[in-house]
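Written below as structure tokens is the structure these notes are about.
As written, the chain order gives the labels A, B, C and D, with residue 1 at the start of each chain.
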Amino acid sequence: MTYTFRFEDQIYIINLGEEDIQTNVEINGKKIPVEFKRIDENLYSIISEGKSLSVGIFKNAKRVDVFFEGNLYELESISERQKIAGKASDSGIQEIKSPMPSRVVKILKNVGDGVKLGEGVIVVEAMKMESELKSTLDGKVTEIKVEEGDAVESGTVLLSLSSN
Amino acid sequence: MTYTFRFEDQIYIINLGEEDIQTNVEINGKKIPVEFKRIDENLYSIISEGKSLSVGIFKNAKRVDVFFEGNLYELESISERQKIAGKASDSGIQEIKSPMPSRVVKILKNVGDGVKLGEGVIVVEAMKMESELKSTLDGKVTEIKVEEGDAVESGTVLLSLSSN
Amino acid sequence: MFNKILIANRGEIAVRIIRACNELGIETVAVYSDADRPSLHVALANEAYHIGPSAPGESYLAKEKIIEVAKRSKAEAIHPGFGFLAENEGFADMCEKEGIVFIGPSPESIRLMGDKVTARKIAQDAKVPLVKGSEGAVSDVEANVIAKKIGYPVMIKASAGGGGKGMRLVRNEEDFEGSLRMARSEARSSFGDDSVYLEKYIENPRHIEIQIIGDSHGKILHLFERECSVQRRHQKVIEEAPSSAINSKLRRKMGEVAVRIAKAVSYRGAGTVEFIMDQEGNFYFLEMNTRIQVEHPVTEMITGIDIVRWMIRIAYGEKLTFKQSDIKMNGHAVECRVYAEDPEMNFIPSPGKLVYVRAPSGPGIRDDSSILSGSEITHFYDPMISKLIVWSETRESAIKKMISALREYIVLGVKTNIGFLLRVMNNEEFQKGDIDTGFIDRHPDLLTPPSIDIKPALVAAALAMRNASNEAEIAKEKPVSNWKLLSRKLAVSRNNLL
Amino acid sequence: MFNKILIANRGEIAVRIIRACNELGIETVAVYSDADRPSLHVALANEAYHIGPSAPGESYLAKEKIIEVAKRSKAEAIHPGFGFLAENEGFADMCEKEGIVFIGPSPESIRLMGDKVTARKIAQDAKVPLVKGSEGAVSDVEANVIAKKIGYPVMIKASAGGGGKGMRLVRNEEDFEGSLRMARSEARSSFGDDSVYLEKYIENPRHIEIQIIGDSHGKILHLFERECSVQRRHQKVIEEAPSSAINSKLRRKMGEVAVRIAKAVSYRGAGTVEFIMDQEGNFYFLEMNTRIQVEHPVTEMITGIDIVRWMIRIAYGEKLTFKQSDIKMNGHAVECRVYAEDPEMNFIPSPGKLVYVRAPSGPGIRDDSSILSGSEITHFYDPMISKLIVWSETRESAIKKMISALREYIVLGVKTNIGFLLRVMNNEEFQKGDIDTGFIDRHPDLLTPPSIDIKPALVAAALAMRNASNEAEIAKEKPVSNWKLLSRKLAVSRNNLL
């Protein structure tokens, strides 16, 4: 069986058999010896050349969350069509989304304003705390989709930025 | 929905709605106010007239295991036919079963021998320990179904006893 | 001893109090909001009553409803935990009037210490060192003048505040007005009171606090210090006891000062006197928290004294059975607050369903939590998942134990700060004890996971997909699932893509 | 310090050792049998290697395989845990010859103490009080004569024994022959050696043991006593420290005696000297266990000394950094061994899949376990689910804490002794400290759950049925499930039945 994922703008193709133990797994065509065993609902033990890891996994729609050694890695499971599009993308457009249900307190930029990587662009309030969301690139504001005082859902696009 | 269980030779009929909260539950025709909420895979919180309990439940074929405050209660879910049979039973015949895969070390009684409640009737070995299985009634041995040295599975009937 | 206690709180502190009651043979009554019906504190209490919608104002802050449940269930006392009504003098007062014991200090002590301006005066009278600042709450106009007089950097603080809310640091005059507005707005929404005061900002201080405990017979003792310098958003995230910056002489001095303040308000129960300490070891009074503190476990671990149990015994009128010289410090304890939050996004909360949780355990590991697989972190409440506390003989081995425990922790469904906590524990400066409240700002590298070998994650992700596919197959009883068909298509064309 | 250690064991003790290694910065190598692939010790170690089938003889007892993995993985030392190869002098010898450090005493110490007859002689030479008995192993013919001479009741014990296996109490001459046969048969299957010896049976003694620890520089210290009197099938099930039967004078005396025996065999590492104590407080040497003990945690809790970490440090050649007078006893600790077993069926093991496990946590709670939901208790190994350990200031509050923790424990899928443990904790005699090895026999009422209000169980059972029915429906995508149809039939006729 073949599975395809995107992680940090890289595409990976994994070939995985149906057996649990001593399967050879192929990543991007390269074989790696590995065996694995489900040890709890969402917990796997993976052994590769003696090295042992316990890994938490959770499939959430098209995303797979993988958790080990304290860190969460979000891998996007992609289809054939997306895979080709993904290759062509990286257009330098970024959207600032609300990370949780919140209220827009202050919009710090106007459309066309220049922004620097890490510069605050909008302030939202949630759980009684105000948070400044920061630009993820050097560039300018191309669109503002909300107004101050708006209540927004998790994932709502607040602004669009484009890189220089 | 109605569910029927046998526990310690008593039969109970429970009438339970589809809602999670503030349902009236009927046990043997008597209403008891209760509300419940599933809080984990096998864990329920039950509140009845303010009293709170957390209860582990596990349905295993026709048996339901209920665990709370350290104790396990095994309730047998019974069908219509069994229910009627159950009423008529209590014949005073008891079977001594092997509680786990084991080996018969010694049979301490012959068919026809009298036995007292708590008296040892057969010795089995499992996990390197020998265990004497005891009579659950005052009566006599009616049948012996194994021989010394036999390897037996969990649940195998070893002897039958009947009460005086 | 009391027969029955109502716990007017939720989450891990409610569970903590229920366990303390069990150990004292006291029956427990839980209250819960809509969102908290499936919570562990409800399941573990002997009785549980619904008190309203999820918004705290309509449930955990609804004084009358809580008093009503206490009366209905015949609870003799109420433990408020922290947050919610814990420092609400009006509630303490109501309890008193209704003949219910409020497990905490007198309403008067709460009032005196609750108003930060009054608290400063009391500290001043008790000859406790104070940071320069405004004499009480300020208007917008005054504020600017005073800020200039005491000199930047300046801290704006909510008069009714606590827990870092309504607090803003201002480094120069240009930013003052905006920060003042934000501080007032946060203060208003958090405490219903937008008055603020000003203080000189001590550059990169340590946050050191002294745990005190007093009975109703006039005895007040201290249980040494906690260091809570590692903070994000002005909120503590890692705490330890003892502090590696404090020697026994300074420890004694700070303890004495803390007891002096507590005595000035005839304090009863458990309380915390907070100080900031500059690089030279000068310490200044910050505020007194008249309640149990989130980070109390580290003190329990090094003293062997169960603070929550003692709060209850003191409220019942018992005398402290030990004196100052009996209290011994043993080993080192560290607490990490495990949050559903995103360190890469300025630690913004990450509410959601905890699909799977596996907490570490074993020798010297204490996990104070109310979470199980399937629990929900809602935006109504603090997004804390657990307090993970470790004890060991030395600071060095306690940190190693924490690393081992954090690596065992698995949480799925929300973002967490576990990786961040691990990186702090592995940080050389932290290990040397070279910490202050500016620590996280100085180390932005701690916010992002290092790049890793992605192979295990890829294998795991493929396993997750295979699982889902197998399960879907079983459910649908079809010989070939859509996943399989899709995968076959992909397999055919994959050579074109690499 | 060592760079890498192999753990030649499984279950909770393997996990315990892995955690200790993590805290010392040592890499860990796990070995596992077929049955243990999904075990926690495999998942938590840095490396893991399969060593054979589930039967211990082909995996955990397969010396050569384990040595081979150690060499392949470049492990510098092997920790044997308890059971399996822990007291196998041949294995310790092999390690030495292969240049791998065996974390434990010298092969010579193991040999001397492993043979119970030799051990008795050493104790005698060290002027340690001994119970009357046979001078070494006995033939069937001798046995009868000696038994009559020392007088009934008499204990038959396996020479190569330990852990209660191959042991039989005989109260009168008629039973002697049968018991001798059973003891020999158990000894043969457990230790491959059917030689047995005899001892005078002390009626209802307490089981008291002294934890000792020695470095390779000649320093041997004791860490006070553990009381392990509550036993079933001659195996410990509840342990505590300190013992409520021992005052500080007796404690010192027993400690000195234990150190004397250890010195007689130049002991190195952690070990336990076991005694029985009669009603008058006379104590007699029983045996010495030359390994870490299952119940070591209670000693760790009251002394703050991590015994497993010290075993490793000592094996590396480190000196003990403390002296006898530095070791202080603080508070009280109790351990309950949670087993998959059936107290109503003479504690027979109850293997099976643990469908769901939820362990307690919180202040003073330590859960040493290798179990998670879905783990399997197989008949290949000891059916222990967890060691639940609590610490509190006093014995009384430790017992209450244990009760609170046991009530939180939930295990589904197998029978457990949790209810039994709870009944012991609630027993008045136990609470008074009035215990000895006859305690459980004297209280058959503890074996059976008391009759309870069955209503919550019925509601819960109905919920389980409803759930299963709903889930079946979802899976089958049918509007009406078989359960529903069945239930409707039942509903129609239920009035006829009540």
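Note that contacts are C-beta pairs under 8 Å (C-beta built on N, C-alpha and C of every residue); 3 or more make two chains touch, one makes a residue touch a chain.
If you're wondering where the values come from, they're calculated on a predicted model, not measured in any experiment.
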Query = Which other chains touch subunit A while also touching subunit D?
reply = C
Inquiry  = So using the touch definition from the top, which pair is joined by more C-beta contacts, A-C or B-C?
reply    = A-C
Task = Starting from the mean Cα coordinates of subunit A and subunit B, work out the distance between those two points in Å.
result = 51
Inquiry  = As a quick test, compute the distance in whole Å between the mean CA positions of subunit A and subunit C.
reply    = 29
Computed distance of Cα centres, subunit C from subunit B, in Å = 47
Centre-of-Cα separation between subunit D and subunit C, whole angstrom = 38
Key: Multi-chain contact residues (two or more partners), subunit A   = 38, 40-41, 43, 53-54
Message = Using the touch definition from the top, which residues of subunit C touch two or more other chains?
response = 44, 358, 372-373, 407
Request  = Flag every residue of subunit B that touches subunit D in the complex, lowest number first.
outcome  = 1-5, 7, 11-16, 18, 25, 27-29, 32, 34, 36, 38, 40-44, 46, 48, 53-60, 64-73, 75, 77, 79-80, 83, 87, 99-101, 105, 125-134
Remark   = Seen from subunit B, its contact residues with subunit C in the complex are 21, 37-41, 43, 45, 47, 50-54
Remark   = In the complex, subunit D touches subunit A at residues 29-30, 37-40, 42-49, 73, 372-375
Query = For subunit C, which residues are in contact with subunit A within the complex?
reply = 165, 182, 185-186, 189-190, 233, 342, 345-346, 348-351, 355-356, 358, 373, 379, 382-383, 406-407, 409-413, 415-416, 418-422, 449, 452, 454-469, 484, 486-491, 493-494, 497-498
Request  = Report the residues of subunit C in contact with subunit D in the complex, numbered from low to high.
outcome  = 15-16, 19-20, 22-25, 44, 297, 300, 304-306, 308-309, 330-331, 358-359, 361-369, 372, 392-393, 397, 400-401, 403-404, 407-408, 474-475
